[in-house]
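You will see two complexes here that share chain A, one where it goes with chain B and one where it goes with chain C.
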Partner chain A sequence: MILSDLLTRPVIDAHGHSLGRVLDVRFVIDGAPGQLLAEARLAGLIISPRAATSFLGYERTDEKSPWLIASYLRWRHRGSFFVRWEDVDRLTSTRIVLARSYRKRSAALPD
Partner chain B sequence: MKQLLAVALGVLTAIGGFLDIGDLVTSSVVGSRFGMALVWVIVLGVIGICVFAQMSGRVAAISGRATFEIIRERLGARMAVANLGASFLINLLTLTAEVGGVALALQLASSIEPTLWVPVAAFAVWLVIWRVKFSIMENVTGLLGLSLIVFAVAVFLLHPDWASLTGQAMSPSVPATETGATYWYYAIALFGSAMTPYEVFFFSSGGVEEKWTKKDLGQSRVNVLVGFPLGGILSIAIAACATIVLLPQGIQVTSLSQVALPVSEAGGKLAVAFVIVGMVAATFGATLETTLSSGYTIAQFFGWSWGKFRRPIKAARFHLVMILCLLFAIGVLATGADPVMITEYSVVFSAIALPLTYLPILLVANDKQYMGDEVNGRATNAVALAFLVIIVVASLAAIPLMIITGAGA
Partner chain C sequence: MTANDEDDISLAPPDSYAGQVLDAQLHLLDRQVLDTDGVPVTTVDDLEITDIPIDEPLRGTPAPTIINILTGATLGTRIFGGRPPSSRLTRIPYRDIKDIGVVVTLGVDAEVLDASWPERWVRDHIIAHIPGGHHDPE
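The block that comes next holds the complex of A and B.
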């Protein structure tokens, strides 16, 4: 699997309701130690019900300026949420299906 | 004392380096058709380039990395491709115009056809990029470019009606011979020529080449905030010369000899000699900058090693890109395409691409992870956002106006 298999892919829940599209994926660096950094592990997906374009970094809550652009991008992506990779049930050729027990988590990256 | 000299050198280089073929041609064309009625655009454009150039200089000094590298890393591949595509193509067009400009300027000195000068000029550019140290390259072309001050001197020698000149500039109106659409088309062209994207990439990559640190921030600010406005005054002087001499006689600017004509009327052969030296230096300097910018943008996007501070063998792909771009310019000019025409198009297309260039720089300059405490202040952000609005409007209006006016005809 490569990143493009996930990005902009529509996401549905177990009942077939549409949840939005994959906007971004988030990694944590806690895998086996590598030469420079530990290996990255896919933590989960950021799903946006509205637009599948980038947050341009404004998911980090301490990035507030320029105010106009920051608030526009947050408004544009309102309702975005994070789901853990474990909550993904399966990938079909066109869609990503979440498990019945998935939980919406905050997409914000606090300081 | 040594520090003062360094500051003075930086400022002088910035003044001499500010003008390129775009400013020379566009200012003169505008002066010959609209008088001083578009001078406010030069002032606006200079403020804009100051805001964004000092921003990108600061990014380079604080993070030690060029703007483009950070754009790719911070905004992701898609946004960076849009930025790269726009910037690189415009830059290639500008590069072609500048090489043509060197050839035209050399033609003034030698009366040898520009098409014959093109390969010679391009070869000289390549040689300088391959061999000459970055700081020497910048200082020599910048200082020689100062000869263009002769345009400002010429304005005084021509004993103009000062009241009428300032009157036109202060309360601009569209001349009876022109339409509103051409007025605004040339306003956009002039804006594009002042805010050409390559200047920003070049400025930030240059900061990395010269290994700026936080210590050099003051110097880089002075260079921009003093040097560029003074360069802008030269741009206004060129427009004034055209207003005084070319406009009343209805002379159209179709080559560099018309740009130089008012100076020769004012100061004779000696003044023309200064103009020629200045024009060769300004266009040659700008060719170096655009050529390097083409290498910088591509190499920084793909993460290749780049920079003149490395030996060419250590940055082979960077040098290869520049050679290919120079060959492209030679190829286009060999078809006999008119460099003045190319210049006029390049400044308008610059204006069209401006939002894609300047928005990412603004975002990066606001990112604490790269900039720490040196992120943009509120005032800078307010001015920059106001400029982004102007830039977007100019960009959207450019193509319709180009069609309506038949490219300003």
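The block that comes next holds the complex of A and C.
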């Protein structure tokens, strides 16, 4: 599967309510050891209820400068959240459906 | 916690991981790819991940992993939308990646990659026919 088929795809919960679109996909290099790097496994999805694209990831960091741009982008992506891959119930041809018990997590990047 | 989280106190704290965390758009897409000698090869236009079944429950299935970096002629689709057919994209295997930082560094020479064939073709079919084109400038 091509990653851009996941990006910007609409996300709904188990009841069919819209939650937003996939803003980004988070990978973690902690899978099975490989030739040079360990496998990069898909850890989860970052979902934004208001915008389908991100710019420089201000909503995921504490970066505050330049103030005007940081404030605007953080406001534009307010309500963004991260869901673990385990919380994804199924993929349809047009949408991503989350499990009934999914939990919204902070989209902040780990330090 | 970012300022964004302060707007929504219902969010659970972010997960922490033992390995390097990569947000695809932020840390991978559009990054320059260098070969093992630091020679620029291409840029990351897209990623290929292991297949995710469509319309089937995913609970209990292993998380997808990155299998290839994709590169190719994506300018047109970026302007007009969509993406090139998968078969038109050139693949660099993930197993050839040595390091992912500001740039993506490969552990192999660019000469062995399909992604650098236009450069090799120009060198062998055009530059080589120019007088002096067979050796480095003196």
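Here, the second predicted complex is superposed on the first by the 105 of 111 C-alpha atoms of A that agree within 3 Å, B and C clash if a C-alpha of one lies under 4 Å from a C-alpha of the other, contacts with A are read in each partner's own complex, and residues count from 1 in each chain.
In this text, a contact is a pair of C-beta atoms (placed from the backbone, for glycine too) under 8 Å apart; a residue touches a chain by one contact, two chains touch by 3 or more.
Not measured: the values here are computed from a predicted model.
Peer 1: Superpose on chain A as described above, then tell me if chain B and chain C fit or clash.
Peer 2: Aligned through their shared chain, the two binders clash on chain A.
Peer 1: Check whether A:S54 is in contact with chain B, with chain C, with both or with neither, and answer first, second, both or neither.
Peer 2: After superposing on A, A:S54 lies in contact with both chain B and chain C.
Peer 1: If we overlay the two complexes on their shared chain A, which of chain B and chain C does A:M1 touch? Say first, second, both or neither.
Peer 2: second
Peer 1: Taking the superposition on A as described, I'd like to know which of chain B and chain C A:L68 touches: first, second, both or neither.
Peer 2: After superposition on chain A, A:L68 lies in contact with chain B alone.
Peer 1: What's your read, chain B or chain C touching more residues of chain A?
Peer 2: C
Peer 1: A:W85 contacts which: chain B (first), chain C (second), both, neither?
Peer 2: second
Peer 1: Is A:A14 touching the first partner chain B, the second partner chain C, both, or neither of them?
Peer 2: In the superposition, A:A14 touches no partner, neither chain B nor chain C.
Peer 1: Would you mind listing the overlap between the chain B footprint and the chain C footprint on chain A?
Peer 2: 54, 56-57, 62
Peer 1: Touching chain C in the complex: which residues of chain A?
Peer 2: 1-5, 7, 23-31, 34-44, 46, 53-54, 56-57, 59-62, 64, 74, 77-82, 84-86, 88-93, 99, 103-110
Peer 1: Residues of chain A touching chain B in their complex?
Peer 2: Checking each residue of chain A against chain B gives 54, 56-57, 62-63, 65-69.
Peer 1: Which stretch or stretches of chain C touch chain A in the complex?
Peer 2: Within the complex, chain C touches chain A at residues 1-5, 7-8, 10-26, 28, 46-59, 62-66, 70, 83, 86, 89, 94-100, 107.
Peer 1: Taking the touch rule as given, give the residues of chain B at its contact with chain A in the complex, in rising order.
Peer 2: Against chain A, the touching part of chain B is residues 74-76, 78-79, 362-363, 366-368, 375-376, 378, 381, 384-385.
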